[in-house]
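Common to both upcoming complexes is subunit A, partnered first by subunit B, then by subunit C.
Here is the complex of A and B:
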């Protein structure tokens, strides 16, 4: 059962283990290399600092020619993250390239946390608050950071 | 084009073969001959099986191909059709010629030429112009990078092995591929990359290097070298399609299932197009051919037919809103005392929309609401009432035209299926029964083709009629007169073709009566053709004949009886000054259009002196 996508995912996994980028971790679920669990740590010195946000990545046999479906399991409050946890990010849609690997995906999502794009809002309340009332926005972010420690 | 010449010759031959007793002055037979241009079918060995089968199917009644084409009525001038019908092979040929020309002039590869042409609507002269004006801009926008010689050596393990950025495995450099940049990937990754793109649709034609930072375009050369047979076929198909879809001079025939494309000849004035599949459409708007009616009229009409606004008009015309809850109420029967449905239950008077409780002796009793009558007498005509009245009138008017438009469409569809039926079975049957060669029966096909064409024209004249301004009464009269005449002729032709043929198919009609039938039908075909030609001509010059309104009403030409008595029988033509008597001896009053019998000079309806 070694298809090109599975082989490639094994390589992605090895790379994450041997040379993990700061603030992210990820691993396939037991017995299923096509479904991964990952954690993104909130970047230091930002409102996201200290948060541990869980995600799942669902791959298909088209990987790496097609991106995985990435979704936050932890509750989020972010202009580009939908209520169901799915993410509005260009490289996960039309700007995808087979060059990207799991590490690149998770790093991009991590940087999206502090650098949202309020022009294509997935959560309009968060987008409005981000542009109009940054204090309140930061307070809401702190809320989800604290929830990320306790939520199952 | 040789074959075209041949066809024209054949055509002029067929129009002289004596089936046209009435091939008269009105219509210049030259102009009426139809012009079709075929893409050198005779020389085309590569024509695929489907197409052959199709042609055979369409030309059921024998080997006499030209008869069908020349029989088809068309109001397009025959010389130099401004367009060409292209088969898939012809498209590929043209595409190849364009690529070859660009590749040799710009000294680039064919794959690169193809990429550039696609970005410039397949117009060779535009490519040349832009390229020589600013080559680097063109290269940049298409994604043609001038290739550096060496592949990048990042991820190098052995001097001869590099890491593929997609599968992250090491491969020997000579087994790897790059487009016009220096990003090398292994063959199987390239294949999968291209396969994914091809499965996603025609976007694969704009495929770029897998490296997200690289703008290099992936040309057809590389893709066709790598992918599997099925993907190659799809990719080639997309390239062929792009020639039509990204090209302003070409269009697909909009008929469902038709695979021909139409390309117009630069400088030509293009209007209606007849595809080889038989579909007639307007080049400008791609709707079914509607000449002589203009695209704007057709667009408005189609929009109107589909528009919700007609429903609104109906509601406005036939209902009133409840004065309390504002829901529309339709009053179909009964007295003026209306009780709105629950939960509203408001009781009101239909006439004045006032509360029913106020209706009593004072206002003239329950069943005669004087308020309304009084208001009307005083001239205080309610604004909404007037609007409602207008909407009702306009709806009735619209319904009148729509019904006629739609029923002609139905008749046209029926005629097309009858024609097919004729070609599939009836022609052979008739040929056996009357021991006539197929070529002697083409008058039937011609009649049906004429019917189809006339139904189409007639249909659109109703859309035109709807939009003809009310204040141009003379124009309207003249138009309706022409339309009425054409319609009567068509009805006679259609009836003859539909009903009378049955006797010859099933009955024991002799050869002698069959000859009569032939003469009659061919005659009707020709007469109908003339009437429609006149109608089309009048449209084309904007009914200019009635511009001089003083000249109108001096003469009566003819009127139409029966179904089309709408015609007002007035015309500016002053050549036929006397009254017109039809074949049953009726003459038509020029004042009231009543069909009089006998030879009196006074109309028995309006008692006005009519004889001149």
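Here is the complex of A and C:
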């Protein structure tokens, strides 16, 4: 069935295949264009370097007028990522705009990794460590980077 | 010592925001996107027992304007009012040349968005929802009734609003040097942050910066008439202030000569409605 959201998602997918931004990849699951798997690679020369973080994106028929629900599947340690993997990022909530495609969503999440927003903590321990004990914070980040290679 | 609040005890920020938006949406839905044309006296009735300055100003307003059309107060009122007022004017004047001219402007806007790195597929459907109606003006297939219907149709109306938001954002980012002082001065945000938080999302209200950018992007003269409680020199000569947003006035190109505004909007703090001259 071809609805506007499915048609748009096919084009999102094509864009991501032919012109992928550095350090991200994503594709719909086999029989379901509304549910995507994605991977964000930790940006080079940061504590996140080398991490391969898995996410899911669940779209609805309202896409692109409503954002997808995005969740990390990999365990994360980050001030703006909740324990269940959901992400506190303005464009995924009230500041969504259809001008973002899947590539732009994943790129924004990638830059959030190194540039947390301390004003809206989703993980209070990570937020506190980020501002008070950066060395310990970075060590915790390295832990989730290493886990990202093995965890299912 | 734990100084961070316990996040388990209170709703998450996104939940609070979602509730805020839900309440506003519920309030807004009591009114259609674009109302019927009403005599200006209905505005006077609203302030019957209210502020004396407002009452005087509405009387003054009545010297030039005869009617108004209300819009839904959902944060998109400026864009919806602009869309309706502009297209209605185009229909009434049967101005096919203007429809052609604004299509050229739309093409330039499209190029700006591509230059800024946006993929065409992210905006082309929104663009078409506006140009379809311009086509309708040119080939005579768009009637006044159809325009009202389109403007009240959520999918068409939202889609045109979204397109205007894209090109407003595109114009601001393209001319970031020009807009930056206004944006930083009033909001403290960078141009990028401002576009991301206050222009591109649905429901974000419009101010001077948005209006200037849209007027320039499409080359359309917009008059905003201000109905507020400012009382000028405090004397008896209460004047209703208005401001003309003249496209091209602030860019290097030849400014478009001052002509009759095709879009006249009434601004009351936080809201825009459409005004009609007598």
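By definition in this document, the second predicted complex is superposed on the first by the 152 of 152 C-alpha atoms of A that agree within 3 Å, B and C clash if a C-alpha of one lies under 4 Å from a C-alpha of the other, contacts with A are read in each partner's own complex, and residues count from 1 in each chain.
The rule we apply is simple: a contact is a pair of C-beta atoms (placed from the backbone, for glycine too) under 8 Å apart; a residue touches a chain by one contact, two chains touch by 3 or more.
Keep in mind it's a predicted model, so treat the numbers as computed, not measured.
With the two structures aligned on subunit A, subunit B clashes with subunit C. Touch criterion met: A:120 reaches subunit C, while subunit B stays clear of it. More residues of subunit A lie in touch with C than with the remaining chain of the pair subunit B and subunit C.
Contacts of A:11 after superposition on the shared chain: both subunit B and subunit C are touched. After overlaying the two complexes on the shared chain, residue contacts for A:98 are found with subunit B and with subunit C alike.
Of the two partner chains placed by superposition, only subunit C is touched by A:128; subunit B is not.
Contact with neither subunit B nor subunit C is seen for A:20 once the two complexes are overlaid on the shared chain. When both complexes are overlaid on chain A, the residue A:62 reaches subunit B alone and has no touch with subunit C.
In the superposed three-chain arrangement, subunit C is struck by just one stretch of subunit B from 37-45, 235-243 or 307-315, namely 235-243. Annotation: subunit A residues 4, 8, 11, 15, 64-65, 91, 95, 97-101 touch subunit B in one complex and subunit C in the other. Remark: subunit A residues 4, 8, 11-12, 15, 64-65, 82, 88, 90-91, 93-101, 120-122, 124, 127-128 touch subunit C in the complex.
Residues of subunit A touching subunit B in their complex: 4, 7-8, 11, 15, 62, 64-66, 91, 95, 97-101. On the subunit B side of its complex with subunit A, the touching residues are 165-169, 188-189, 192-193, 195-196, 210-212. Within the complex formed with subunit A, the subunit C residues making contact are 3-7, 12-14, 17-18, 21, 118-119, 121-123, 125-126, 158, 162, 165-166, 169, 196-197, 200-202.
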